[in-house]
Every structure is written in structure tokens, then in C-alpha cells.
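Sharing a structure here in C-alpha cells format.
Chain lettering (A, B, C, D and E) follows the sequence in which the chains are written, and residue indices restart at 1 in each chain.
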Amino acid sequence: MDANLLSSYIFAVVVLNVLLGLMAYMTYLERKLMAAMQDRVGPNRTGPVGLLQPIADGIKLLVKEDIIPKHADRRIFLLAPLLSFVLAPVAAAVIPFGDSITVFGHEVNLYVADINVAALYFLAIGSMGVYGIILGGYASANRYSLLGGLRSAAQVISYEIILGLSLVGVFILSGSLSLVEIVNQQSETLHLGPLQLPNWFILSQPLAFVIFLIAAVAETNRAPFDLPEAETELIGGFHTEYSGFRFSFFFLAEYISMIVISLFGATIFLGGTDGPIRDGVWWLALKAFIFLFFYIWLRTTVPRFRYDQLMGLAWKVLLPLVLINILLTGFIRLWGLGML
Amino acid sequence: MAAEVLVFNLLSGIAIVSAAAMIMMRNPVHSAIALVITFVNVAAVFIMLRAEFLAVVQIIVYTGAILVLILFVLMLVNPDELPDFHGARPMQQIFGFGLGIILLAEIAVAILTRTVVAEPGPWTEDGMAAVGGNVQAIGQVLYSGYVLPIQATALVLLAATIGALFLGRPDEDEEPTPSRRTVATISLAHTRGSDQDEIPALSSANIKHEAGDRDLIMARDADEFTSTPEDDQKGQQE
Amino acid sequence: MNELMPEHFMFLSAALFIIGMVGVLTRRNVLVIFMCVELMLTAVNISFIGFAWEFSQLTGQIFALFIIAIAAAEAVIGLGIIMALTRQRDTVDIDEVRELRQ
Amino acid sequence: MDSLPILSLMTYSPLAGALVILLWVNAPANAARWIALVAASASLVFSLIMLAMFDRGESGMQLTESFRWLPDVGIEYQLGVDGISLPLIILTTLLVVISIIASWDAIQTRVREYMIVMLLLATGMIGVFVSLNLFLFYIFWEVVLIPMALMIGIWGSANRIYAAVKFFLYTLAGSLLMLVAIVATYQSYFEQTGERTLNVLQLTQGDYSTDFQMWVFLAFFLAFAIKIPLWPFHTWLPDAHVEAPTAGSVLLAGVLLKMGGYGLIRFNLPMFPDASEAFAPLIVVLSVIAIIYGAFVALVQTDLKKLVAYSSVSHMGFVTLGIFAFNAQGMYGAMIVMISHGLVTGALFLLVGVVYHRAHTRLIEKLGGLATNMPIYASFFGLFMLASLGLPGLSGFVGEFLAILAAFREYQLAGIISMAVVILSAWYMMWMFQRVVWQRAPGEPPDPDDPELKLANGDAPPTVAGGSGDHHEDVDPRTLTDVNAKEILTLAPLAALTIWIGVQPGPFMDLMRPALEALLQPFGGTGF
Amino acid sequence: MSSWLFLIPLLPLAAAVINFLFGRWFLQHASQWIATLAVAASFVLSIPVFLQIASDEQSISQHLYTWIPAGDFNIPVTLFVDQLTATMLLVVSGVGLLVHIYSIGYMHGDPGIYRFFSYLPLFVFSMLMLVLADNFLVLFVFWEAVGLCSFLLIGFWYRRRSAASAAKKAFIVNRVGDFGFGIGILLIFVTYGTIEYAGVFGQVGDATQTTITVIALLLFTGAIGKSAQLPLFVWLPDAMEGPTPVSALIHAATMVTAGIFVIARAYPIVSQSADAMLVIAIIGAATAFIAATIAVTQYDIKKVVAYSTVSQLGFMAFALGSGAWIAAIFHLVTHAFFKGLLFLGAGSVIHGMHEEQDMRKMGGLKKYMPLTYWTFLIGAAANAGIIPLAGFWSKDEIILGTWLGDQPIIMVVAFITAFFTSLYMFRAVFMTFHGEERFDAEQVHPHESPRVMTIPLVVLAFFAVTVGFIGFPPEDGWFHHFLDPVFPGMPHPDVAWSTIVLFAAISTVIALSGLYIQYMAYVKRSISPRGISELLGPLYKLAANRWYLDEIYDVLIVRPLVAFSMFLWRFVDAQVIDGTVNGVGSLVTYTSNQWRRAQTGLIANYVFAIALGAVIIIGAFMIFGSNLFE
């Protein structure tokens, strides 16, 4: 076990815990912000401003009776939530939280792993996440959960493609898939006449950013795209039969993946840890928070898509746009390199 | 460096065991899951063989899309109703296994007694690193010598999508052959007011006859329950 | 046995291929057969990439890439057919589908 | 290379006619007939011009045309004509014109298609005789098949489909073998000289090993033997003839059979001399069998057309007999038999057609006493019947006698046996002539002053044998009208030619002499 | 002279063609005059030819054109006249002319008269060309042409079944003879390289003795067919179906003698081989005897005369066979006249009796047609060989010739046949003209024939009497010297005057005894022919039924051949050849049906098949293809 493997292992544990903590308070933050937006107070009983609410929820879920439906396929019923919950944080392994710092004499770089296909790794993990949903829906032997599971799977797959393609524009410009490289690329400044603009990809790839945003929201079954869990029609979608501790897995998995995809978006489009004064992980946190705020904001304002609209949007609107974007970026890049 | 071999053997062991499990499982969903495990392990093997890009693609395309589709169809066919016909006729099974073993023996012999003819090419490990990694290397090779195959693959994919569209749409006029029971077709992707008129209206007699052994749940498309503005006007005019 | 030998991936590929073949031969459920076919294709991919690794050439990998693309297309069509089949015949037992016989 | 591509004009004028009819979609029947006639007579006129331009003395190919088609594979569009093919071409063009006139009012259903098929057939046939390139030859060889099969299949009588299919498959099977042989020759010639060509003149130069020659000769021979038809392969001919319409039979007998003989002379002999000599005895035996077998079977036929068909099997036996005797008389004999058989059997089929058109039956026992009301018909019938049985002074005798003489010079026994056909042919022809043309029809009452009536014991005259008893069935010759002007127009030229060749075959032989001399060079040129 | 020689044959041909083409619509009866004039012209033209040949003994020839220029088989058509041809020219055109004149009367009123008068000159043309030919092939051509004309003329009344089948029979039997003749010609060409008389006769000796004999015999087979010798004479009696003038011209005077003419023409070849001559003699004698015996039993007047012709031809044949060449030709000439006379006489009797030919329905016609009676009697007497008449000289000389050619048996048979000849001749005369009238008077009114028919009878009768004297002193008459150059190298035996007188006496006695017997039988009724016939019993029945030859041929040849061809057609053609062809077809369909069962429809089976195939291929490759086992 050589040195940097150990250090990256430790750093991974650190990241995991940070994520879990953030995830917990993310629920609280969401309910607080939504309440604010809806001109109401939000949880304030537990703890000074309701700060202990997440812990309370957690304990509640743990204590609740854990029912397994009779006809359910027991093993898969248990496996499904685990699968989703495990996969969500794993995606964060590639996100660079900074370049490298030295701790106790060991030089520790602030990213779990910098693999050549980092972005694609992220997509891969995202696509594996689908299994959690499907198997959950299937295992609970309940029509509605099955339909919910299938619907959300279809949605995730469609938007995953859009997500992937939207990143292609960035890859063309950056020339590499590894996030570290992308962040470094974005650190130079761009002198447009008097204006000094950070060379973030949001500026050179605005359309890609918008599509990425939509796809990200849909990917995590959040806000306008949360049809599967839609109470009115499918009674909570695939996790209808789940209760207690297993339900929390699904619920938390959703929030972790939301955080992770915001981090990912920030690194790709908003320059990650790069900031006007001193680069650091706090810039990354700030940008991620912007994303998260956008999520919550969306949840309170935009009405739910109907399923066919949702799919239609993906295949008939976003896909062509993203392809055009790739085409344009390709031409620009070629023009830029003078090869045209 | 024994670790590498160890890991490899571990991965391939899991892969082989889960593959075997796949064909042994009674419930197709279980075998699908076994297959997922196999594919993940195979992806890991790819990484070990310095083919990161392909590993990821394997995960995204195979496990992420194809298997999911298979699970889709599996579920659409009312999984709990799948008749338990695990194995085919006994004769077939014996022949199948026998043939498998013979083929294995043959390939084993071939592997063990192979004589290497080709000489190693340029893309060694550091060769790839020099270019910037496996993805860049593949990109260079792919777009230098294989432009035509790419066009061809593009065409194949186009044809496949059109085919899927065509196959996916249930034929309006074709009367489903009366079989043991009528299947509820769940139309997942129909926009409002699509021209697909739903399953022929089931007359009461029809339902009685069909409903015989179990409760029949007919899922309708949204149109039937939600009346569109035009329908209302039409309703008023009649 | 401390070096990663080509025989390793070859045996892996062979094993998976044989299992896939046996699956196709013995199972009666169309979907399982379909999965076995996908398995066989992956087995082939393994050997391609293995040889690419052994002879450090990329053609193997490129080929595997194409195979995956085509496999995806094939899967789509296969499933489409199976969907149509089940809709019309309401069974996935391959033995019942005997129209080809006059 | 002449300025005027006379050969192509001649070959493709019928095709042009066919196209015109094809394009003029709803052409009235008569228009189709006239166009066909014009096209056919154009090709006849061209062939006569060709005859005029033909230089008697020169033995090689004349009026050649060549056009580079697929040069690197050796396939060129080459046409040429020499002493051997010239008479056959003129025979073809003449018979085509005659058959078109003959089917003027015989064919009433689907006249347009009929004329198109006829003209296609004409182009195919002329093409076969004119092409010098094996590839082109093979194309025309196959092109001929289709229209003829159609003609038999569509406008034929009772079980025409069987006949058409049988005809097609028989010839096709043979020609497939030939194709293999062509490729083999092409390949071996290429190996020898390194030059890729399918031109017959060059291929004949190649010296092929004897055992190679053996099987390639056999392959070619089989294809032509089926066409001739030689004895064991002849069973398609009677069926084809019985079912084919009149004009079809005329062309089938008049020209298609000659393609076999022409093929032997043009390809088998020059290209594979050793194999020819090796197989000669076998083929002579087969020809003798064909001659005798054909004659014997013709004896017991009840259907007129079948009788004439078997008689042509017998006559065509002389062709192979003459060819494989490898001497001058044999070649002359074979060529003249081919020409005279074309004329005579063509005419006989026309005559049978005339009767069939009026009496709607071809059964000999149903017919009788045609001479009473159809004197001109009877005299024509008599003339051609005599020519067919080889009466000296008519074309049949010249060819047959020369062929028998040639056979006698090489194989005495074959000569003697084939001479026996003189008796047999007289027998079956006379027997038919007596029952059909002379004797009273079965249904007819005897003449009052018939001495037979005054038999010693005064009993009624013996009713004529053969009558099927129910007299209303039989044909009452009194109702039959004599041949009209159109039919005479078809028969007269044939009669004139038959007599001319019979009385003075000289000019025809001079036409062929140089080509035949060149042909027989490798065989020692005996008999010149 | 040699420039217009071709006119002799051309004129009758022209007449024939004109009558045939324009006869039916324009010429009708006028056709008879065209024909007769044409034949008369050719007769007139042949007289100066005869005289010139007789005077300077040089043969004339005229080349017309080359017929078949087939390499070394080159056949020119040239007319060649020597003494033999000259005599034949005169005989053919002379008798032809008389028959034409006679036919004008006989055929009067027949609707097909134009056809008759186109076939008759056509026959004369062919016969003239036959005798004028200078090579065997041209001879063969007109040999068959003559056969054709006899076919057309026998079958003149084609509506009658018997006439049609008789014509067919005649032609086919002739063709059998031509078969032999054809092979003879082939053999000549093969052995001598040419078929012109001059060419062949010049080098006869070169070939081996057996080939010469074979050639001679083959030529004789032709003669057997044409001149109705033993096996093939069956067609002549049936040929009586044709009109009588036809029989007179063709079946008495000219065509049937063609066979004898050919043997005479081929003298150099035939004379070289003794055993060929022997065969000819034997067949000739046998024919003569058999025909004579049959003739005695016939009741149809034309049949009697027909068999008499066959018998006389037998005489000529065995004359040639035993070396009496000139005697045979002399008998040929005399026979042409008195046999023509007999036929025309019979014709006029039939004409008078309104187509009645059965002698049993005649009798006592002497007083109704005296002229016919006397001319018929002269003819009968000449045929029987009564002293002053032509028949006596030629027949007696033949019998003498056999004696000189040391053929004693033939001579005895000749004497017996001569006796039978006088028997049937005088039987015919007495039955028709003497005795009581055996016909019912109201229906049948016998009358003398018109002058146009009786004149030829008288002319012929005159010749029947006088022509004998051209060969008067037997063996060295004028005729013998005239024909000598035709038969070079023929031995001239000097015969003692006494033997000549002796033979003359014997034959006269025989002839007169025949006369006396028939006179007693039919006029005096003292001998009853019925008694004799019962006495002879089976022999008589044998002769009456024409020695059952027709039935024998039918059973031995015709029926088996027809059965054989039926077998060939039904079995070989239909079953064997077609059987195999259709067999192959059905075999293919059968096997393909079996293979169809391999398609089970179960996808599992197909997959299994694929897998199996893969395994096999890999195995095979590894075993054979790879370097595994080296």
C-alpha cells in the first residue's frame, strides 16, 4: 500500500463524511428555503432555528417499523435502496476539491482520483444509479411502484444521454475528460478588451450549460421532473412500499446525488475551485450552493411536467439543441485551430 | 506484481460465477441482476487491460442502457406471471451442455498451443500517456483510419432507431390473437391526443369472459379520463 | 504465475462465451436468450481488448467500440421485436413461436 | 470492315420491329402483323444483300464486324459469315417471313405478343449463326430459348405447358454444360497463349491436350446433340412440335434444329479435331440409330405433326452422319440436308397447319380424301412428301445420298443400314399420304361407279379401316376449302427452292466449298 | 445431231408440266393432244438418231450441265446414245405414242384427264432419260422418277382405296429394289472412284472377283424390284388397278424392262462374274415358271396378261443369266409390241364391257368386236410363240441361248414355262371371245372400240407379226449385228443349222399342243378345266392364291416391323427415355421433400445447428488447417 494510495483513501473518507453531513443539512436547508419562498416559517421547533430537524428525521426513520410486502422479492427489495445509496457518493470521487495540500508531511491532493475518463466515470455511475430505482419498483410487487420505477428509469436514461452530450461541447474545447485538467483550463483569464473575465466554460458554452442544468435536474428526479414520486398519480412511485430505514436510503441517495451533480456542474462550467482572489474549495462550495439554491427554487415554483411532455422535451427539444451545440463547438474549434 | 493477477483472477472469477448464475436462475430478473454484476466485473477487467474508455463505455452502454431496456421489457411482460419454464426440453439441455464443453475444450487447446505471429504495435502504456491517455489515443486512431466504419455505424444506429419506433408502435388494426389472457399494454411515451386509439373498447361480455381467473386491471391512457377542450365543445354540440 | 498473461483474458473470454452459448441453447425464455447473446458479445469484446493489450495496438479496442455500438442497435431492434411478439402472442416462450415452420 | 454493317442490320431489324410493336401499346392486331412482316422482310432483304456481297472464292469469315465490348476479359461483339453460316442465315430469314405470313390468320389471340415473340426469336436465331464470339453465341443461344418456350407455352394446344417446360429444360441443361466447356476452353487458351479471348477463330488455333479435348468436346456435343436432336435426347421434339403453333413448329424444325448441326461444324470440329475423330464412331452409331429409330417410330404415329417430328429426327440423323464421316461428301451432304430439311419439313408443318386450321384435327385416321376438294393442296403435299422421302430430283435426295455415300466410304455397315431408310421413309410417308390425301375419308360414302362395289358376292364394300365408327366425328373433306393465296405464297417459294436444290445443287455447293475445304483441313481433306 | 439430242426427253417433260399446271382450268381435253404431239415429236426425232447409230456405229453424247459438284464425287448430266439406247428410244417413244393415241379414246370423259395426260408424258420423259443416262447416279435418279410416275398412274383413281394402296405398294416395293441398287452404286463409286459407264467399264478388272459379283447382284436387286422378279413381283398384278393404257405402256413395254436394260447396260460388270449370272438365271427361271402357273388360274383378264408379263420378264432375265444377251434384248423388243397389243386389246374388251374385267362374265365376244378379237388373237399367238410371229423367234432364240450357255435345267424349265404360256394365253382368248355369252344382255352391250383405239391395235398387231424378222436367222440376224458393239467380247457360238431347226420344231409343237388343249377345253368342252383343277388339287389352290406370297410378306415382314416400331415408340421412347427424364424430376422433388422435414420451426434447433457447425468447423480447422499436428 504505497503512500498516495493511503492518503487518497483517507481523503475519500473525509469527503464521504462531509457529503453525509452536507446531505443532512441539505434537507433542512431545503425545507427552510421552501418555507421562506412560500411565505411560511419552516421547521423551527427542534433546536434553535430547527437546526436539529435533520437529526430528528433521521432518528424518526430509524425507529419506524420496517415493513416488507408479502409478495415482494425479498433479496432484491433489500438490495435496491443499498444500491442507490452507495452509488450516489461514489460519483464524487472524481471531483477536484483543490490541487494539493501537505498534511503531516504527506502531500495530499484534494481529489480522490484523477482518472483520464473522469467525466465519463461520473456518467457511468449516474447510469448505474438507475438500477436502484428499477429494482426497487420491481421488488415491491406493487403495480404502481413498478410503473413508477419504469417511468423514472426511462426518464433517467433519456436525460443521461442529454447530460452526456451537453458535456461533449466542453470536452471539445478542453481537449481532455479529466476534471482536474478542465479546472486548470478554466483558471486562465480571458481579456476581452477592458473586461477581464474568468475563462469559465459557462461563458464559452452557455447553451451547453443550460441544457446541462435541465438534464441534471431531471437526472436526479428533482422538482419539475419528479413525476415518478408524484403523489397524485403514482403514490410515491417506486418507493411506495418502502418505509423506515430503507426509505431513508432512497431519500438520502436523492439528496447526495443532487449535491454531487451540483459539484460536478460547478467544476465543469463554473471553474470549480478557481476564484477571482484565491482559489480554494470554498469557491467550489459557493458555486455548488448556487446550483442547490436553483434546485430548491425550481421545486417551489415550476409545476410538474406531465410524463409525455417530459419525454417529448428530452427527445424533441434538448437532443437536437445539444447536437447543434456540439456541431457549432466543433466548427469553432476547427476554425480556431485554423484547420478549416 | 502478483496483486494484479490476483485481482484479475478475482474479477474474472466473479464474472464467470455470476454468468453461470445468470443461466441457472429461475427468475429472469435475478439473472438480469447477475448479468449486471458480470458486466461490471468485465468493465473492471477492461480497466486492468488499459482500456479505460471502453470500460466506461461498457458501463454506460451495456449496463446502463441495454440491460435497463431488457429489464424494461422483462417487467412489461408481467414478471410475476412468467411461467416457470426454466429449462428447455431435457434433451436440449444435455446437448447444450455437451456442446459447450466440447467447444471449451477446443478453445482451450487453441489457446494453449497458439503461436504468436503479430509483432507488438506502437500503443504501449507510455505511448498512450504521451498522447494524453486512452481516450485521446482512441480518438486519434479512430478518426484517422476508421472514418468509413463510423459512418456505417451511424447508419446502423439510425436504422435501429427507426426500427425501434416502428416496432414499438402497436399495430392499430391487428386484432391480438386470442390467447390465454389479454395483456395490458402500458403506453409509456404517448403525447396527448396521439393517433393511437387504445385497445379496442372492451365490451362487457368481453371483460366477463376475460376476467375469469384474475382481476384484470386495464390501464388507460390519459386521454380517456381527461377530456380535452375540443371534446367538451363536441359534447355540447351533440 | 506473477505476470498478467494473455492466457488469462483468453480463458475469461472463452468461459463467458461458452456460458453465453449454453444459455442460449438451453433457456426457453426469449429475454434470457437475449441476455446470453449480450454476454457472448461482451466475451468477444474481452478477447479483442485483451489482444489489443497484449500487442499494444488500439485496433482491438476500436473494434470493441464498434461492437458495442452495433450491439446496442441490435438490442434495440431485438427488444422491439420481442415487444411486438409478446404483444401479439403474449408469451416469451421461444418454443411457441413456430411460424417459420410451414 | 465494310462501311455498311450489313450483318448487324440484318440481325437487329426483327428486334427493331419487336420494339416498335412493344412501344405502340394498343396497336391493332393487323398493325402488329404488318410491322412484323416489314421487319422480317427487311432482314430477308439484308440477307440477300449479304449474299450478293459474299465473295464465293474466299474461305475465311467475311463482312466481319467487331466492337470492343469487354476487351480485358476477351469478350468482343464480333459478327462474321462464311460459306457454312450463309445458307442457314438466308434459310432463317426466309422461314421467318414465311411463318409470319402463315400465322397471319392462324393466330387470333394476343397477336401483339405473338409477333414480338416471333421477332425476338428471329433475332436470336440469326444471331446464333452470325456471332463469332463464344460469349455472344451463348447469349443468342439462350435468347432463342425463351421466345420459343413462350410460343409453345402460350399459343400451343392441349398440354402445352408440359411441352414448353420440357423443351426449355432439355435445351437449358445442355447449354449449361456448354457454358462450362466455353469457360474451360477460354481458360486453357489463356494458359497456352496468355491471351484472353473468346473469339472462335483464335480459339480454334489453340492446341488442347487430347484428354482435355475429350470432355470439353463431350460438353459441347451434348448441348448440340440435344438441339439436333440426336437419338437419346430427342424426346422433347415430338411433344414440342405437337403443342407448338404452326409457325412455331416451322421455325422450331426449320431453324432451331440446324443450330445444333451448325454448332457441331463451327465449334466441335475445328476446336477439337482429335476428340472428334475419337468420338466419330460412337456418334455415327447414334446417328444411324436416330435415322432408323426415327423412321420406325414415325411409322406408327397417329398424329400428323408427331409423324413429321419423328421424320425430322430421322432426317437430322443424316446431318451428324455426314459431319462425322469427315469427308467432303459428308459435309456437303450434312449442309444440304440441313437446308433441304428446313425447307421440306417447314413446308410439311405449314401444310399440317393448313389442315389443322380447317379441320381442327391432326389425327390421320380422322382425315382422308383431301385431294378431292383441295387439288392444289394435294399437289403441294405430294411434292413435299416426295422431297421428304428423298425422291431424286428433289433436295432431300441430294443431301441424303451424299451423307450415305460419305458414311459408306468410312463405315460400310453404317452406309448400308442408313440406306435402308430409303424404304422406311417411303413406307411411312406413303402410308400417311395414302390415308390422308388420297383415300376417301372414313366418313365418306364410296363413289357409285367404284369397281369395288361390284365384288363377286355383291356384299357392301369394306368400310375403310381406321374410321372410329362414329362417322360424325370424322372430317368430311367436302367441306374443306383449298389453300388460299396467302398459303400458296408461303408454300411456293419453299417448293421452288426444293426443286432448284434438287435439280441444280451446284451453285449452293460452290457457296460452301471454300469454307468446307478449310474445315476439313485438319481431317486430311479427303474427298476433295 | 448431238446438239438437239436433249429435245427428245425435253418435249414430253414440257407437255407434262404444261398439262399439270394449266390442265385443270384451261386445257381439260386439249391436254391429250399436247401430250400425244410431244411424244410423237420425240418418236420422230429418235428415228434419225437410230439411223445414224445404225449407219456409222458411233455413240453420240451431249453434256447438259453438272448436277452434283461435291469434290471428287462429280456428277455431270450427259445424254449418251449407243445401239442399245437407240433401240430403247424407238421402243419407248413408239409404244408410248401408240398408248397415248389409244388413251385419247380410253380415257375420254374422265374428269381427271388432264392429270392423266400430264403423268403419262412425264413417264415417257423419265423413261427416255433413264435410257439416255451416261452414269449410274443419273440412271438411279430416273429409275426412281419412273417409279414415281408408276405410283401416280396406278393411283390415278385415287379415291378408290384399292388403287391407292396398290400405288403405295408398287412404290414401296420398287424402293426396296432401289435400296439394293443404291448400295450397288455406292460400292461402284467406292471401288472405281467414278460412276460413269465409260469410267467404270474401262477398269472393271481392277476390283476383286467378289466385289464384282456383289456389285452385279446389287444391280440385279434393283432389277428384281423394277422388273418384278421373283421376290418382288407382287406389286405388278396389283398395279392393274391403274387405267389399262398405263399398264400397257408401263407394266408391259417400258418400265418393267428397265431392270433388264440395266443388267444389259452393266454387261461388262455382270459378264465378269459367272456366279452372278447363275443367280440371275435361276431367279429368272423361277419367276417365269411361278408367274406362268399363277397366270393359268386367274380369271381377271388384266391379271392374266400381267402375270404373263412377269413370266416373259423371267424369260429375259434367265436369258441374260445364261449369256444370251442379244436374245434377251431381242425378246424385250418383241415383247414390248405383242404385250402392249395384248394389254390394249384387253383394254378395249373392258371398255366394251363397261369396266367389266372378270372373264367368267364374258364369252362369245368374237362377233361383237371382231377387230379386237383378231388383234388380241395375234398378240396371244405371238406371246405363245407360234411360228411366224415375233414371239416365236425371240423366245426360241432364248431357249437356244440357254442350251448354248449350257444351262440344261434352265432350258427344261423354259420349255415347261413356254407350254404354260400358250395354255393361259389361249385360255384367255377362248374364254373371252369364244364359248357362250356369260353376261346378261340388257345391262351390258359389248361393242367394238372406237377407231382411235383400234388403229393402235392394228399397228401393234402388224409389228407383232413383222418385228420378229429383224433377228431372222437366229443368232446372226441383222439385229444381232446391230447390237454387237454394245456387248464387246461376247462369244459368238457358231451353232449348227440342225440344232436351230430342232429347237424351232420343239417350241412350235409345245405352242400348238397348248392351243389344242385349251381349244378342246373351252370351245369343244370335251376337257373340263374344273376336273383338271380338282385333279391337281393343292397345286391348283397354291397357284390360284398366287403362291400365298402376299400373305407371307405381310406375316413375315410388314406385321413384325409395325409391331417393332410400336414397341420402339411405346416402350423405348415413352418408358425408357421419357421415363428416365421424368424420373430424375420426381427424384429431386422426393429428396427435397425429405429435406423439408429438417425445418422444425424451433429456434432452439436452429441455434443448436449453428453451434454444432461452429464446433465442427473449429475442430476441422484445427485438425487440418493449423500447425497443431505437424
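Quick notes on this one:
As a working rule, a contact is a pair of C-beta atoms (placed from the backbone, for glycine too) under 8 Å apart; a residue touches a chain by one contact, two chains touch by 3 or more.
Everything numeric here is computed off the predicted structure, so don't read it as measured data.
The minimum number of touch steps separating chain C from chain D is 2. Chains that count as touching both chain A and chain D, per the definition above, do not exist in this structure.
Chain D has the C-alpha centroid lying closest to the overall centroid of all protein C-alpha atoms shown. Of the two chain pairs examined here, A-B and B-E, it is A-B that is joined by more C-beta pairs in contact. Put simply, the chain farthest from chain B by mean CA position is E. Distance from chain D peaks, on a Cα-centroid basis, for A.
Chain geometry summary: the mean Cα position of chain C and that of chain E are 97 Å apart.
Distance between chain centres (mean CA atoms), chain A to chain C: 33 Å.
Mean C-alpha position of chain B lies 69 Å from that of chain D. The mean-CA centres of chain B and chain C are about 10 angstrom from one another, to the nearest whole unit. Multi-chain contact residues, meaning those touching two or more other chains, do not occur anywhere in chain D. Contacts with at least two other chains are made by residues 604, 608, 611 of chain E. Chain contacts: chain B has residues 53, 57, 65, 72, 76, 88, 92, 95-96, 99, 103, 107, 134 touching two or more partner chains. Contact between chains, per the stated criterion, is found for A-B, B-C, B-E, C-E, D-E. Residues 88, 92, 95-96, 99, 102-103, 106-107, 109-110, 113, 115 of chain B are the ones that touch chain E when the two sit in their complex. By the touch rule above, chain E contacts chain D in their complex via residues 20, 24, 65-73, 137, 140-142, 144-145, 148, 151, 155, 158-162, 164-165, 167-168, 171-172, 175-176, 178-179, 182-183, 186-187, 189-190, 355, 357-358, 561-562, 564-566, 568-569, 572-573, 577-578, 581. Of all the residues in chain C, the ones that touch chain B in their complex are 1-4, 7-12, 14-23, 25-29, 31-32, 34-36, 38-39, 42, 45-46, 49-50, 52-53, 55-59, 61-62, 64-66, 68-77, 79-84, 86-93, 95. Listed in rising order, the residues of chain B touching chain A in the complex are 27, 29-30, 33, 36, 40, 52-53, 55-57, 59-60, 63-65, 68, 71-72, 75-76, 79-80, 132-136, 186, 188-192, 217, 219, 222. Against chain B, in their complex, chain E makes its touches with residues 604, 608, 611-612, 614-615, 618-619, 622, 626-628.
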